[in-house]
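Each structure below is given as structure tokens.
Both complexes below contain chain A, partnered by chain B and then by chain C.
Take a look at the complex of A and B:
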């Protein structure tokens, strides 16, 4: 039995809670410190207007990986019990496109496109499955591999070579690093269909369909559909289930405990200091915070190598998505869309050109004139989130760059209006339904959720910031240059979304290192 | 001086007119983008000026950075391997700095000019590394190479020459000390530093005062009391080897210019373990160097004296006559004052120790005909050349 360690985890987001639960189940003494007054981070519900609650940053998610659910004995709480959530890509003509996990309809799709969609989803889901050895383990080092790294690479090689058929493998290797724009143009005719798929490839990222690596981001998103998972709106359930799992494993969770400093002695972590100057000692500190906050603020540059600091500070972590919450008198009336359809995920991304053009200004520090929108109505499934008969509408609006040239303070109203106008283009009279609203720009997300740059995934998921280079090479296996300090959040492999794998993989790594005596 | 005069490939230092006047050969070369003399008269006359009388060298091209701000000391301490917090105002220290892997990027001297105001002098351009290292520090880094006119005055009579030139307070200036003083009426900063292993000083003034400083020194020569000669890079190379000083980029490949694995060098591999301190706040490369310090040393840049009178120019080194190859000579010179053949050599260690025997296979020419001979080499730990007057305060007037 490994010696029991005193472990502090910074941040009670989903990855922090998952990591904590694993470590506590293994017999360690675990305390999770959360700066905010509630746990859950981006998946925690949020009352944005009196009586109106929205599901925080993430209004939809793929459920946690089943491995985590069984390991942590979460039971069915976090599984999607709700009905299937499909995507409806809105069309101004009212000829909306309906996308299920494996079939598409509406939008005047040709039968060829319908068939191509099913084949495409199947093919790309297979690619995502092929990556699972990589997703489920610490990313292997290519130099100085340990046995586990060799096994991971061998499994990955096997899955890619034999899990995929020869043609699929060739295709996977061909498209893996390129952009989704080229690939979709090869496969489909319908502009609406291409737009809807491309939106999934770029959502949350500072990327447009023509950006290289958007095939990879799409495949990584599809990883959420492996193991028979479906998009769910029951995100708050995940949060509650994780809190229960962590607490019952013996984890001590403290909210309103903002960590200001990671304390070191002789290059070894000794604990943390809170903003109220309280010091908490620990053998191991695990940061669920982003890499910039962890290294540049909490550890401090004086205890790190210059090039390491430079590479961390140059990693691309600026968010490009704003979250908007609307308190509505009643559900809006979208042209040719019945109220039942509002249970699904609505997308305003009518074609790839629209997305590309929405993205262009953000390259120069300006927001989209006509943003790409992802819309949900959480109150349909959960009426308790708003007063009777009234509704909450939750919107992800791309693109809204963190470093807005004009500064967000002056431009909040303008951008909100652009989002309202965009929605109204599909739902006439929408504006008159608004009782109240909230805009969370990446700058707001940064300050409210303590994420540098306000990026969903704690940093762009491009090839140069993925796998053994996430967040940067040299600290990509959850351990860091500081002995006893680990990363467990979205800044670590395999990155963002709500799959919980960074937290789980980090816990595995910590347990392996404590067992071998390396920590 | 215009920094952007593109009609001129090499910039002229503020001393250029005077250098050109002294140069019999007009044998120039480039040094950090400045036109600088290789030899002005003959190497022999310049060399003996350093060792027997007084030499003057234009140091302006040396890279200079002014480092100020509340975190200046903390910044430098994270940069270099030794403890800068112990460097008192008006003192100078030699330092090296490394990359994250503990490989040496460059070496240089840190001048603590006044409390909290530092100047870093470096062999190579360092602004990018300094800026990169400054992330998170409240520090201002200014490259002021072209704002400082610097002269190195070295040799047994340098104290007497500079005193005769009107510099006051030199008698109290200890090695590695700094004084802010005047030469005649011209304000000048003098440090007791140099690259020759002998008594010597470096003078730091403004470009507009360059001629005044120069003329004040050479007036002493005109009075006939002292011989003073201007020296160039060729002589510097001889005397720096005698003094045992290393030259990054020549004796070893600097870390940030190295592409091939294992072609860069750590301070240990350069024999600089004496300036690597672990009992100080973190510095870049410390983790890597702690690890390295626990492993047997793989190789080292060493000082060698080769038997005989043949200089082992770029010679391969062997662990015996016709033995296994164990290294290469990186720099070499015939030392007229020691009457020996000196070399700086990069040699492999065996199980953390230098080879028992070292032999050089020396190729040399006689009237353009090549010959080869073997010379046994002897490891030398102390500098080849040093003189007690270098560290004596006050130095005996000569």
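Take a look at the complex of A and C:
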């Protein structure tokens, strides 16, 4: 086996832990340094009010990719307790739309729309599957490819040409680069159905249904449903499972260890310096942090090429979603919605125009008058998260731009009120149930979770910031211009969401490069 | 079937005497075919037409400037000799709300000094920007006069064509490859913001990317559209635009002259009601008059919607084609004002005798204002604060107005096809007033000089010119309608779904902009199928 390396990983988010576990399993000496006092980053539970806990930033996730689950032997641990959930798109009239993985009901859907939905999901899942060689490997370089890149491209070509039928391939090539708005208008009649699907395509992004490339963001989201996976609310379990997997693999995890500097000697990492000036030497440093923090803050511009710095600082990383947690006396009463339904994901995105109009202001540094909401009640599955009979409500609210013109300090109350009013529009009397709440704007997310711009995905998932251009070209294969420094977070391909692939792909890249002696 | 005379059996018959139909016909006639072009209007030119709509004033009715027209075609059809003369437009200006202006001077040194007046940083960045843009122009130009390959096909020709495209890209360095992918997929706003900081300058350069499209300056994919407006050239000046002397009509009349010179026939006032198909083969057309004309090949220069949904019989077509035609994106988003002026309006913001009024004039000085104009259109309203491309061609071409008088053409972005409750006189005038008021803010004597204003909403453009929804590109230039996807996947090689039927309009690759390329490419395919000598030009490649 290759020489044992001393590896430091910055950030104990899920990708950092996954990367660490892979590297430790391969026999390397791995230390994970976490700035916060708990591990898990965005998927760590969070007590936002005395006695009330929420799953943290991510309240929903597709299960980790099965490859990771089997590689790290965390199968049962992660899958147990996890319960698949559906989407209920709320309607003021009470005629709510229920969306399962392959079937839709309610919302007075026509039988045509119901059939179209199943066919649509099937078709788009096929597109997502066709992309799997790209998702499961380092993005191939378009020139100076190594063998692995050639294999990836060959597999990708094969899957697109023969994994899809000729007509599907044509359709894939037609819609791949356009907006979800046009596609959904072709396929469905129900405005509610179009709204619900479009919401999935844009949530977490600075995009609206009419923004070209929202078909791609939707396909990338659907990748989470490949391998028969379904959306679950079991995020905290993933966090535990990964911690166990890492530590049992021999990873040493240190919390409250904020890295201030990545130490170099002539373009080669030598270690890191913590905020308490402690220095830790390492042969390899892997950053699970976003690209701007990693290069502009931790490495420092003086050690980097000017054009590289320019492109990093120009990359679009401003978040456009706010997180709200509510401590509630009891579960709210949504118009003609039974308590059982509250186990599922509630969506307030009644139609595509609603989403588009919620998005428009965010282009000018203003938040939505009527935001798009994604709502869950974690305490239904896990009563321990709140005092008896009381509940935690977790809300993702779009759109709430990082760079709010008026400044967030002045506008927190106003925005929170808009969210409350929006919910109350579907659950009369909601406001009276609120005991306490917290609002995490992208600015708060930036400071609390050390993510520049507070973007879920550590950077916008637009085509020009994806694949071999993520976070920017020149550092898209997980290694960086600094020898011995790697990226393993959502800033790297294939980007955000809780699939763990950036961490896994990065680990494979590092192992390959240590094996070949390139590091 | 009625048989009329011996001429009633043509080798090829083209529907629509727009510039692409005429270009197509000219190359077929040049190859010695017996060709007929039928046109519904009693004048030729389609969207490239000059007409006298107010005594003494000649207007370029729809398209108004010329640049993308392929020099290869100009040469092959000898259009110079047939009376086409293009005068380069020099520069342009964006007026700012604070009373200042950005002057996009033609001379690059002066231009740089002007940019520096607003931002030294931008003046430095513009060198990098110009070089990059030129690179992409040269790359893309190589694809315009070629038939797009079918990505699902393994036919040697398609595979070889892909080989050609790859070879083109192979010339780029690795980072240039990625930069091109980014350029191709980014929004013009975000793309330019990577170079520049000055709002007026950003706005000046972004406008071209949304002209004629149903997209905003922050819509991914618009950076590429910039090429459709930047890759044109006049006398080899890449990126510069020109006026056709005598209006855009002289483009089509020159092509027509060249075509008839090759022995081609044109019939105006002949509206087609149907393309005749018998057992899977096009046999000719039936005119509204009921007259039947037979031809070995029938070529439609109508946009994809009209071709497949109005002049062809559903029963003759595969359901896939009908579905794609119904969903073909051809949304109108632009309006136009043609204004007869008693004299040259003053623009006090500019120094006396400034050459800037000779070029494109814009009154939108930030990307935010451009994007808000788009938001209005998304909600089916015309822009309250529109983006306009305003020109006064009579400064170059006095023949277009009575002595001392002037003609102003104002292209307006955005204008909806069907505002709440549909278009009527009042709405149309209100739309026109919005535009005139905007210009008047920067030119105090403008309103007093107006002799006559003609307001064109998408509705009029459709009715007069026959552009569905008034879309000037005969189909949006989004990734699902480009290259091998234009007009639909599987039909991007100019051959129709029935035998002996072809398409040559801007609904086909490489799309609109008075390029003539679809017409020429389609002719190449027809001649190929007829085993005739190819009369269409190779692209110059780099110039």
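In the analysis below, the second predicted complex is superposed on the first by the 515 of 519 C-alpha atoms of A that agree within 3 Å, B and C clash if a C-alpha of one lies under 4 Å from a C-alpha of the other, contacts with A are read in each partner's own complex, and residues count from 1 in each chain.
We adopt the following convention: a contact is a pair of C-beta atoms (placed from the backbone, for glycine too) under 8 Å apart; a residue touches a chain by one contact, two chains touch by 3 or more.
Every value quoted in this text rests on a predicted model; they were computed, and no experiment measured them.
When both complexes are overlaid on chain A, the residue A:267 reaches chain B alone and has no touch with chain C. By the touch criterion stated above, A:481 is placed in contact with chain B alone, chain C being left untouched. Set against each other, chain B and chain C differ in how many residues of chain A they touch, and the higher count belongs to C.
When the two complexes are overlaid on their common chain A, residue A:182 makes contact with chain C while staying clear of chain B. In the superposition on chain A, contact of A:161 is made with chain C only, not with chain B. Of the two partner chains, chain B is the only one that A:302 touches; chain C does not reach it. Note: residues 474 of chain A belong to the chain B contact set and to the chain C contact set alike, using the contact criterion stated above.
Against chain A, the residues of chain C that register as touching in their complex are 151-152, 173-175, 177-179, 181-182, 185-186, 190, 193-194, 215, 218-221, 327, 329, 368, 371-372, 375, 378-379, 478-480, 484-485, 488-490. The residues of chain B lying in touch with chain A in their complex are 74, 78-79, 99-100, 129, 132-133, 135-137, 281-282, 284-287. Interface of chain A with chain C (complex): residues 141-144, 161, 166, 169-171, 173-178, 182, 186, 210-213, 311, 314, 316, 356-357, 360, 363-364, 462-464, 468-469, 473-474.
Partner chain B is touched in their complex by these residues of chain A: 267, 296, 300-310, 313, 474, 481.
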